[in-house]
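All remarks here apply to the structure that follows.
The chains carry the letters A, B, C and D, assigned in the order they are written, with residues numbered from 1 in each.
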């Protein structure tokens, strides 16, 4: 604890706004990804499941930005644009499908769509 | 017939032309050698002898295909067989001109295979024919009798014109071809071809009336039992090949020469075991084909076939193939210490057993069948006691009179709608049209019974008996044969006295074989059979006596069976020379001068066996002729109770069939059932278990594929997590193994994975142990 | 050294403890049968996050982010936790917007201003609104007495514990691997793309003018014209310097033929001359990944077409779904004690919000 | 003109043609194509240098995939020629035999049949291991389709079992071959799958390596043959397959196994083959008797014949492992002969099935009276199957047995025969190099009797006896008892003929059977020309095996002969006794 406080003091907090390490952002990203994953795995509402995938996209985007920042170029950011593109496309299609599925079953329960069982 | 006459002429011409040593000629000259002389050439024309019948077979097949509804097949067969017989006489003349020598007629290559330089690396068995006097002897009566019987059959089988007629003559011709191959083949493989070929024809002809289950069963039995014998024969052939490096007689005999020398001196221990085994294996084959104990059971059943077939195949020719084999391979039998003893004892026991069964039968054809078995036993004895001549001589004489007996029986059967029961026929001699049959039957019976001095059968049988008593080791066999001779005389004349003399009486059989089996045939229109005589009940039924063909053949055979006396009358006569000038003459015992109660065995037998025969006939006369008033009963019936169950046992063939069925057929069948069950449950079950393993695995894994997205995702995530965990562990291990200090804790790089432990190509890694092992093994 | 040892020892333990706490928290917070203490769960998860961040701090105390990072991080993760734990899809979507906003904050922290705003516009503005529409479109027909009733599938989540454990393992693995290096972030001013300032002569010109280095009648000079008569290149020679600042020179032409060279050594040289974030992104996007843009365009087009096709599809209610629906309505009727009129097997269903579609007849 | 290539491509092109032709003309096209296949084959026969029958001729090589040394390599020696001849002969027969049997989905059927012919021909012609294996496995696909689409009631199960069983076995074969290829690549420094290269490499392996390669090879081939415990797929597949499928299966597909043994097991791993010959021969002998006895209790005719295949191929296997000239050539002859006679039996049974829709012994009988021509053929081919001399079966069976008998083995003593490794040279002068012996031959020869039992059982049941067929057994029986009106009996039965088929065989069916019958007769009465062509290849194999075994044994021979005691492998003791080929 002592160490922590020492380091906090040394860091010149709150100035001059150090960005922190890549690790920090990646941990946030990983945590967000895992939350999204857990959500996808556990929630049964199709729409929330898609939201969870968006969360995972978001986590990926965060880490891309972090890497972009780390490497001091814009490629990562560019890829976030593509992630956004894919997310948008996915949202459009997936939501259309969700609507279709809902019309079929009058339910959004993913467990009811188990026809593909082996 | 001119052929036969020619044969006789030649025979007379050459009587006594051979120089023989003084003394009792039959066993005067002790000789141990292969009996094979030099090779001489004959025209290849004689190679056609077997193939003319084959041509007949093909033509009959053509007739069958063309649906010929005349007697054309019979004509073809008779003609071809006659031609074959003519050629045989020509061959005989050639052989006769070169006594003791042999000729080889090469027809074409059959098996000719050479895969190396040494002798063991070549296998030669061609369609080549070996001609010496033994061949000529056999071929003379095979083709001669076949011609006659084909003629007989042309009438006998006339119900079947347009039906099985072609089939019959096809098989008949094929039989002659096979028999010719058997007899004439110059190698054991060709002999085997003939051997199995006659078996096939026998099968086809026994099963000729294929709608009768008994005929089918009999045919099958004949084939299978013969196959058991053939198994022994084929093993013998193979052993002979491996022993002597060849399948050809000439070569085998040449190679056996040294062993013969050893055998002459009694040095059995110097003769390899394997050589001594060959004749024993061959004996199995011979016993199968010639219906000897323990493989005789098929022959009586074989009487299901048409009578001409019984006469030709199952009495005169095919069944003597075993005798031929022993005679042909006699040099090999001589080098085996026990083979001839086995032959002799097998023959003697069969002779006795068959005679006892024959005494108790009522079916005359069956009696004849058992007498055939019995007489074949005699023939084997004749060879087994090292008398050489007796066996073939008896074959020769027996061929004529037994064929005649069968043909006479066949005439009866033909005329009385299949009736063969001697209790339902009586006094045929008194009926119109049956005289020739009766005479033929009588002649056959006196031959079979061995009535002294006037019958050929007497002389040949007497030779065997004399040889048996002359051989000190075989005296018990002599006694057995003597008893059998008496029994033979009894049951032979039992038939004669019951059926052909006495009060005239008949009951027609249930149905003619042919009519039974071809009820929809077109033979009803045939004039020979009187269309009106069928289908209107038995009251109007009349027996129809034989026609010209049957009568002619019977007359000819009667003449021939008397004529055969000439060949055996003298102990050193024509037959003796025919036999001894071949490989069968390989060994004649020097010391066979055992006395029969102080008399010369041969001379004594002439008297003793004659007495025995007469006695047997007398008993038959008393029991079955004198005072018999009805067909069904005789004085013998009163004797039956006194003997207890023995007559019943004998009538049931001593239950040998049942015994075999119980001992072999049933267990084998059960074994098959067990095997089938094992195959289904164990062998296939094991395979299915292997099939089930993945199935079961799949079944356990299948719930994983439940179609629920979450579970898939969860498993995917879990998999990723697991992989990650593995990577983490690997990385940690790598950290630990590599110097931890070398990586500063504040390295600016994002943790690169440590290098793989040893960068080598994975195939090399995975295979390295094998390679190392291999190298080790090389070292 | 003591600190280092402690860091080495404590950080993995703390890290993993944080992961575990987070997982426990999520597991608690997820909706399920029985009690689902969402606040407790959220607190535990927050504690876990704190533990993790603490652990990171211990590993390398020299480089700590400022408090904005912690605020945005906590908001982002907290909101995402709510996204997955909130039973109502609408709220989940709204929380997701919050996540987006917090993420955008983090983007800004990392000097990705363009992406931060793009994110807010595209995600919060477009995608999430679509989500909201769909959520409203695809809600079960409300029944008379239970307008606000949650669907069964919203109320109960599936295997929260198993999912959390998987997440725990994954997160632990990820953080372990991530933590193998610290990756300190350099100041954002030294973006390597700064050399592309040459491609922006107008920006240089404006900057120089603003700084008073270029007079209104001056303009950047050009080199010799090419042989075919094309104008020669602009004479700008600027490069990122060692400390991130732009160094180099610009040749300026004035009058008829007069030129002068403005060097970065000039004390008036504008300090803010450089490539801004949107400019950098734009360059990268257009110069380095033009194919990607095409692909993205195609993807979007396809998605649009697909969405149109799918939306126009007419579907019928499944047999089993119809049966379920009927049974449900029947039981509801019974529960209401209303008129006991069971549906005949083949009675068409009462038109619902989507009835037009499932009676359409097209398969 | 590359006739081999034409022989491969012609059926394939025919299959494509059939696929695009109207349903009606499928069979005509297939017939034409299969008949046309005779042309390239006859051309090959004409061009083949029979004086050098052991040498691969018409060598054709096209690079396929250079880095791995794969090549499209074809060639033919006399054994290949014989087996290809069998395939070409059976091709049109199968097609023509299916005219009436297959009425639905004809295009698929004939197309696959043609593809199958290509695959089978390819197996025999291939001289590149991978090519061989591709063809070898590819035979399964058409056969699978034929069984599973056109079979009887239980066809799916049979097809799957056939496919999986043989495929599983072949995978081990592939492993063995791949290992050999790897060894060859190690030795040569480059990849090559050429048979000759592989053979050289494989023969250079140690006994330990050879052992495992041999076992791996044998598993696949033994399943294919099938050797005794691996046979259960065969009766099932045969019973369920359509007639032509059974014919091809019995005629050619089973021969792939024996051919594989001959080409690979014996030539690649001679020492192991020699060492394990007794084990394999025991399996062969057990199979002969065991399967033969099982035949006897079958209730289905086709199953009986199927089991008889197992029994018959036991002879083939022991002949192969006799490892001497007579045995090997007998085996090769057996491959041909079994294809002819058993194929014909399947055809005959198929003809019955088409007429009476049953194959049960219980429901059939006495067909001789109704179908004399059929019965004639039946008896003929049954006899060929029994191994009657004068017909083809005998030659091969006898040679297999004789070869086995000759093949060393078995010590003979005064006290009896003790199965041992080598015979006493003085006692059996005609014994050749080999590891079997009289005992094996003696037990195998028992199969002759067993064969007779079950074949005659079959013939007796269905050919002879009172006519009996589904639906009119009682009728026939009554009439047989009567007297007067029986003339119409035969005519009445004509009405019972099913469909377009006449009561007895049609001209087409006779035309199908006659070539087989002629071939049976020819090979039975005049096999000499065929045997001659086998002399050289067989001698080559034997020489190789012998040389390898001796080399191996001598290499392992201890320096001090005194140390050679009971623990010394039998091989060593033999090495001391062998001095020259053949006559020892």
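Assorted remarks:
Going forward, contacts are C-beta pairs under 8 Å (C-beta built on N, C-alpha and C of every residue); 3 or more make two chains touch, one makes a residue touch a chain.
Quick caveat: nothing in here was measured; it's all calculated off a predicted structure.
The chain with its C-alpha centre at the largest distance from the centre of subunit A is B.
Centrality by Cα centroid goes to chain D. Computed centre separation for the pair subunit B/subunit D is 31 angstrom, with centres defined by C-alpha atoms.
We define each chain's centre as the mean of its Cα atoms; on that basis subunit B and subunit C are separated by 99 Å. Subunit A and subunit D have Cα centroids separated by 65 Å. Between the Cα centres of subunit A and subunit B there is a gap of 93 Å.
For subunit C, the set of residues touching two or more other chains reads 7, 59-60, 158-159, 162-163, 166-167, 170, 174, 178-179, 181-184.
Shown for subunit B are the residues in touch with two or more other chains, namely 710, 714, 717, 750.
Shared interface positions of subunit D, i.e. residues touching 2 or more other chains, are not present.
By the definition given earlier, chain contacts exist for A-B, A-C, B-C, B-D. Within the complex formed with subunit A, the residues of subunit C that make contact are 3, 6-7, 22, 26, 30, 49, 52-54, 56-69, 73, 76-77, 80-81, 83-84, 89, 92-93, 96, 99-100, 103, 106-107, 109-112, 114-115, 118-119, 122-123, 126-127, 130-131, 134-135, 137-138, 140-141, 151-154, 156-160, 162-164, 166-168, 170-171, 174-175, 178-179, 181-186, 188, 190-193, 277, 280-281, 283-285, 288-289, 292, 295-296, 299-300, 302-304, 306-307, 310-311, 313, 315-318, 321, 324-325, 352, 354, 357-358. Listed in rising order, the residues of subunit C touching subunit B in the complex are 4, 7-8, 59-60, 158-159, 162-163, 166-167, 169-170, 173-174, 176-184. Across the complex, subunit A meets subunit B through its residues 22, 37, 40-42, 44, 49, 110-111, 113-118. Chain contact summary for the complex, subunit B toward subunit A: residues 702, 704-710, 713-714, 717, 750. Contact residues of subunit B toward subunit C in the complex are 710, 714, 717-718, 720-722, 724-725, 727-728, 731, 745-751.
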